[in-house]
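Take a look at the structures listed below.
Two complexes come next, and they have one chain in common, chain A, joined by chain B in the first and chain C in the second.
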Partner chain A sequence: MKYAWYPGCSAEGNSFAYDETSRMIAEALGIEFQEIDDWNCCGATEYFSVNQLPAYALVARNLALINAEETPQVIAPCSACYINLKKTDEKMAKYEQLNTEVNVALAAGNLSYEPGAVKSRHFLDVVCNDVGYEAVKEKMTQSLAGLTLVPYYGCYMGRPEDNFDHPERPQTMDTLLKTLGADVPDYSLKTICCGGHMTQLSAEASLRILRHLLEGANQLNADAMVVGCPMCQLNLDAYQKDVNSAYKTNYQIPIVYFSQVMGLAFGMDPETLMFERGIVSSKAMLEKWLTAEPASKKRRRREKRDKNALPMPKQLES
Partner chain B sequence: MTLEPNSVYEKIITELPDGEKLKSCLQCGNCTGSCPSATDMDYAPRGLFALIAAGQDEKVLRANTFWYCVSCYQCTVRCPQEIPITDIMYHLKHQAIEKGLYTTDAKDFSGTFIGMVEHFGRSFELGLAAGFHLLHHPLESVKMAPMALGMMSRGRLKLLPKRIKNMGQLRAILDKAKEIGA
Partner chain C sequence: MKKGVYICHCGSNIAGTVDVEEVSKWADDLEDVAISRDYKFMCSSLGQELIEKDIEEYGLDRVVVASCSPHMHESTFRGACQRAGLNPYFMEMANIREHCSWVHKDKEAGTEKSKALVAAALSRVGHHEPLVIQYAPVDKNTLVVGGGIAGIQAALEIANSGYHVYLVEREPSIGGHMSQLDKTFPTLDCSACILTPRMFEAGNHENITLLTYSEVENVDGYIGNFEVRIRKRARAIDEEACTGCGLCEEKCPISVVDDVFEAGLGYRKAVYRPFPQAVPKYPVIDRENCTWYQKGKCRLCEKVCPTDAIDFEQEDEILEVKVGNIIVATGYDAFDARRIPQYGYGRYPNVFTGLEFERMTNAAGPTTGKVVLRDGVNVPESVAIIHCVGSRDKKYNEYCSAVCCMYSLKFAHMVHDKLPDAKVYNFYIDIRTPAKGYEEFYHRLLEEGTIFIRGRAASISDVALTVEEEGKLIVTAEDTLIGEQRRIPVDMAILSTGLEARHDSQEVARTFSISIDKNGFFRERHPKLDPVATMTGGVFIAGAAQGPRDIPSSVAQGAAAAARVLSIIDKGEVEMEAATAEVNDLTCVGCRMCVISCPYEAIDYLEDRQKAEVNRALCKGCGTCVAACPSKSITLHHFTDQELMAQMTGAMNALFEIDGVLMPA
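Up next, the complex of A and B:
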């Protein structure tokens, strides 16, 4: 099936690596897409907070620009874009007055949108549920065995409602990373918020949230945390150093996109997968993977804890 | 129960879709217990809702609560009464701005962000403090400098977004929306 593609603003800077590697993965998996011509910002979490109707109209312009007959589904790689596109479509369908008002606004730009015409999808959802794990497996040329990858979902893959995964116990990315052959521990903090834009408002509050997430992943001996959202990536990556100086910790956990590690398993050259765009270096992770002996991989597997035990994060020392 | 016209409570109930569900709040505290920002809030969500019900509007609108809300929806999915808590937080920001009662920098940040979108149709990366601080708090940005440099050297930081082609169309849509929404 062919999809519309909504890159989102961070694709042009902060998450360039995600955009680029997503396109590479999509091509490898035969996902065809068409970038929305002249798309605009989704408003992130800011626009909705200040003025509701313009916020909906802003998002709706993107939906209206899609030729729904050709591409009845739109992929957003960013979780915040995904949720805004989805929320706008659903609320317009649910609330008649909102629908009318948004369309009056759109008409000022000679556009219109009929709610329900375009379904919003997160890129991870399309990879795992449309393409499927079996097809992913077929594309693999090498396993990620030897790497402990901690999946981190953040807020919007499962919340607020009817998203593609469970609000508290999502599994999509766990299954994907296991399919790729990695060791995937049960990370009990995987849906706790990364703090979003809090970094701009209160360093103290955001570093506390980030430290909690990093400590959890560190206790699981993460070689990397794997994300599917530019904001999660940015917060955990770019502010990791600040967490370290604020809490006298020494976390060195690379924060990578699922599309990047998929590329590794698909045999793409690590150089083209742009790991060096991360602030925290992925070098140790890549070296570990490249030098992992098949035998040591097996030993690692046997060391895994009891499958039936509940995840039990250790208490943080404050 | 009759509601004071124009009170915070009344506005939530009449202006926000599903806002009337706030009347069914049990004060169970699930929201506060789930909130990652609760420790930094003047009043965490449960407490804020008690103040709203008690008509303490000024206290409510001057609180930092909704500015510290990171829109994570954790409270919303756990509320036994299905109260749209996150949307209420959005609405309270709106009410605080409307009444000119706000105490944090956050409104500035939202304003800057929206200004960008209305000017370019695109934004600088949300969450990238450097862009915001460099433009608005040059002194603060000293602290941000190492991070900004790291981001810049990796080609991940731009101070200004690209402008969309049909800015005229977007502006016409937003102007119309503001006109109806006002």
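Up next, the complex of A and C:
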């Protein structure tokens, strides 16, 4: 399986660990990455609100650089990069005028892009839906049993609609982490926005959002929150201390990438998985995992029905 | 040939965009036209008299009326011709309203287009053949499908007029959703108290054959003469012997969650009656949960039954009945709240649906009417009622479910009544109370102290951010009256789920040859003027199967459908469509393509002669067979090739003449 790889700017900075471990996981799973030669920034979420045409042209340049015949699909590890690539492709297909104007801009660099030529994918989507949980399970050498991992999706894995997961109740990462043997609670805030770049505009507003997310994970006794987006990771990790001082809380929840915990389950040396690059220490989580008792095979007792209680509705099968 | 042309102004509906006088003058000069007139309202009795008088005076043998869609007034003008002694099929309409004046703005172009449409009709009508309308007798029996309040009402109206009704219900008892309710808004009378007398009457009426635990499998035939196949599922109870004592139910060791009558909030046995006042009184054995059927053990019910009424060997019965008319009143499904995961139904124990709360407040329900949390013990100190769950939301259902505002208000009242100290919040988009006594009920709730928050609830969460929120469900919403995001901690949340078409409404529609709208509800013949009829003669609809509606409106529709049926029964015969298909025996090769393509199963294959034959009583004149026939052996009367070609030539000739170029002959 060969895909074009669009690392995105944060891969060279704060999400270096995500990029590195993604490449390691991909290799283990037999996914080949063809990094786009001379790729550029996707413009993040803001540029589209400033000036649309250059914003689209900026993203389209990355798509134009891909040899669509060789790699008709491009993977972005970052949710924002992913959604920008996807959006640009879709809007160019839908709006003839935009398509023409963007291609005029691209022509200045001797490039062109035909909408629909390259399909944009999130790395989590490729791992879970192209490779599949069964194949992931086969690569597993160690279970993540003993760890309570809270999956956090943020905005762009289920939204806008027609994305690869449900907009309000995504399950992809839940299933992945369960496959790896971790304890995965039902985190009701998993699609609430992390605030994006709000930290730069209003500390008060963004800390309130982050505190909400951290409190939710804390109530579930999270050993770590697992993310698939550098922006989500940065906000929850780098501002956790600020949240603690603003709200007199004491959260110590490491924010890790799904590729990092997959590496653990695949038997990779924890040292190479770069957990230390997180600001909130992952030490406690790793220690807990290393010292976890092997999962006992005690049979789950069927819970006795409380004779007073009213029956609970069944959960909807996804 | 002598043709009369009548151009209608339709007030300003047509005359506003079409120069009707000009069209009339222009038509007067056309070939064979004996008289051409324009008139304010052709459909008025004066307009019709105009046609009748001209037929006599000028000896007209063809009539063209240029006005609205034939859906509106074809039968009107056919009637006028018939009264004057002209075959009604010698009249043709040109639709210059829906097809012209209503969709155009340019008066000059509209006038020219109207001329072309009139010319097309004139050319076509010259080729019309006189057709004779046949009559068929009407079977006096009626089938009512669905034993909710709408179906019960319809069945009783007909039965009380002295005609026989088969009332078919899928569940073990009639009563429908109304039997699950505690109180009815806005009068707060006890739902069971007003419903059970009707149920009893329907169950014991000499003119009603009650078939519960039964489903209609197939319908053949046409208005006045339907043949219906009904599957009466085996209850495993001998109805002759059963006294309804309930001992089997009491002793049955298997208890399962009752997802139907108790809306999942309570339990029932494997042999059960849904509720004490069930009609009929006989229980059923639910084979999926009965130990005997699953594991071949138990038979305890058989041992305790004092009248030996348990019959494990009983099999489904197939009944074939003949009826003249059918009323479909199959009701609705409640919206499945689990489809909106951010409200947490199924995850948070103390989030309930509307139907669950109905059962909870019902004295005969699982909590004997006590309002309690899911643990069955603790009492909520605060309750949030969320309106529009699954309604007024393009993601789920765009429409308003019509009853939720009122039942939400009723819920608020019930909480105030049972727990006077509890705080009650209603999260609403708009309060919709458009019927007798409804708005007054809203005012009553305002005075009772319900807190109304105008804003669709965004989510329900258990993540507490303050001490007050701990252990509570937090409802978040934008309060659009104060322009603030709010977080309201409550002990219990009730989701006022909307009404949806039955999950299998499409299959049911197919069985009865009726159509559904985009939301799955049955489509009425006309949304305003014919709300209980369908496009299929002899098949009527009533109640929430046609669209979300409350009890009074369902009862009114049930009665309305019954009145329509009674008028057909009383008339004793029905008109048969005269514009039907006919197979040319000389060229038919017996390939049977038409037999397969006919949606009404109106074409028979005659084995002995190896030819196809149209049953004119069943044919609806849809023309599918004409298109399917590879040897061009089928003619659809009133839509012959000749007539359609003439219609097009007429239009083309007129258009070319208007452009100053005459089409070559």
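Keep in mind that, in the parts below, the second predicted complex is superposed on the first by the 294 of 318 C-alpha atoms of A that agree within 3 Å, B and C clash if a C-alpha of one lies under 4 Å from a C-alpha of the other, contacts with A are read in each partner's own complex, and residues count from 1 in each chain.
Following the convention adopted for this analysis, contacts are C-beta pairs under 8 Å (C-beta built on N, C-alpha and C of every residue); 3 or more make two chains touch, one makes a residue touch a chain.
Computed from a predicted model, the values in this text were never measured in an experiment.
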| item | value |
| --- | --- |
| Chain B versus chain C as contact partner of A:Glu35, first or second or both or neither | neither |
| Partner chain in contact with A:Glu96 - chain B first, chain C second, else both or neither | neither |
| Chain B versus chain C as contact partner of A:Glu287, first or second or both or neither | neither |
| Partner chain(s) touched by A:Glu168 [first = chain B, second = chain C, both, neither] | both |
| Contacts of A:Glu215 with chain B and chain C, given as first, second, both or neither | second |
| Of chain C and chain B, partner touching more chain A residues | B |
| Partner chain(s) touched by A:Asp186 [first = chain B, second = chain C, both, neither] | second |
| Partner chain(s) touched by A:Asn110 [first = chain B, second = chain C, both, neither] | first |
| Set intersection of chain A contacts, chain C complex versus chain B complex | 168 |
| Complex interface listing, chain C residues touching chain A | 257, 264-267, 336, 338-342, 344-347, 349, 353, 356, 360, 366-367, 372, 374-377, 459, 461-465 |
| Residue ranges of chain A in contact with chain B within the complex | 9-10, 12-16, 38-41, 43-54, 56-58, 61, 80, 91, 94-95, 98, 101-102, 104-111, 155-156, 158-161, 167-168, 191-193, 195-202, 204-205, 208-209, 230-231, 234-235, 238-239, 241-242, 276-279 |
| Touching residues on chain A, where the partner in the complex is chain C | 166, 168-169, 186, 188-189, 211-212, 215-216, 219, 306, 308-316 |
| Complex contact set, residues of chain B against chain A | 17, 36-37, 39-40, 66-68, 70-74, 76-77, 86, 89-91, 93-94, 97, 104-106, 109-111, 113-114, 116-117, 120-129, 132-133, 146-147, 150-151, 154-158, 161-162, 164-166, 169-170, 172-178, 180-181 |
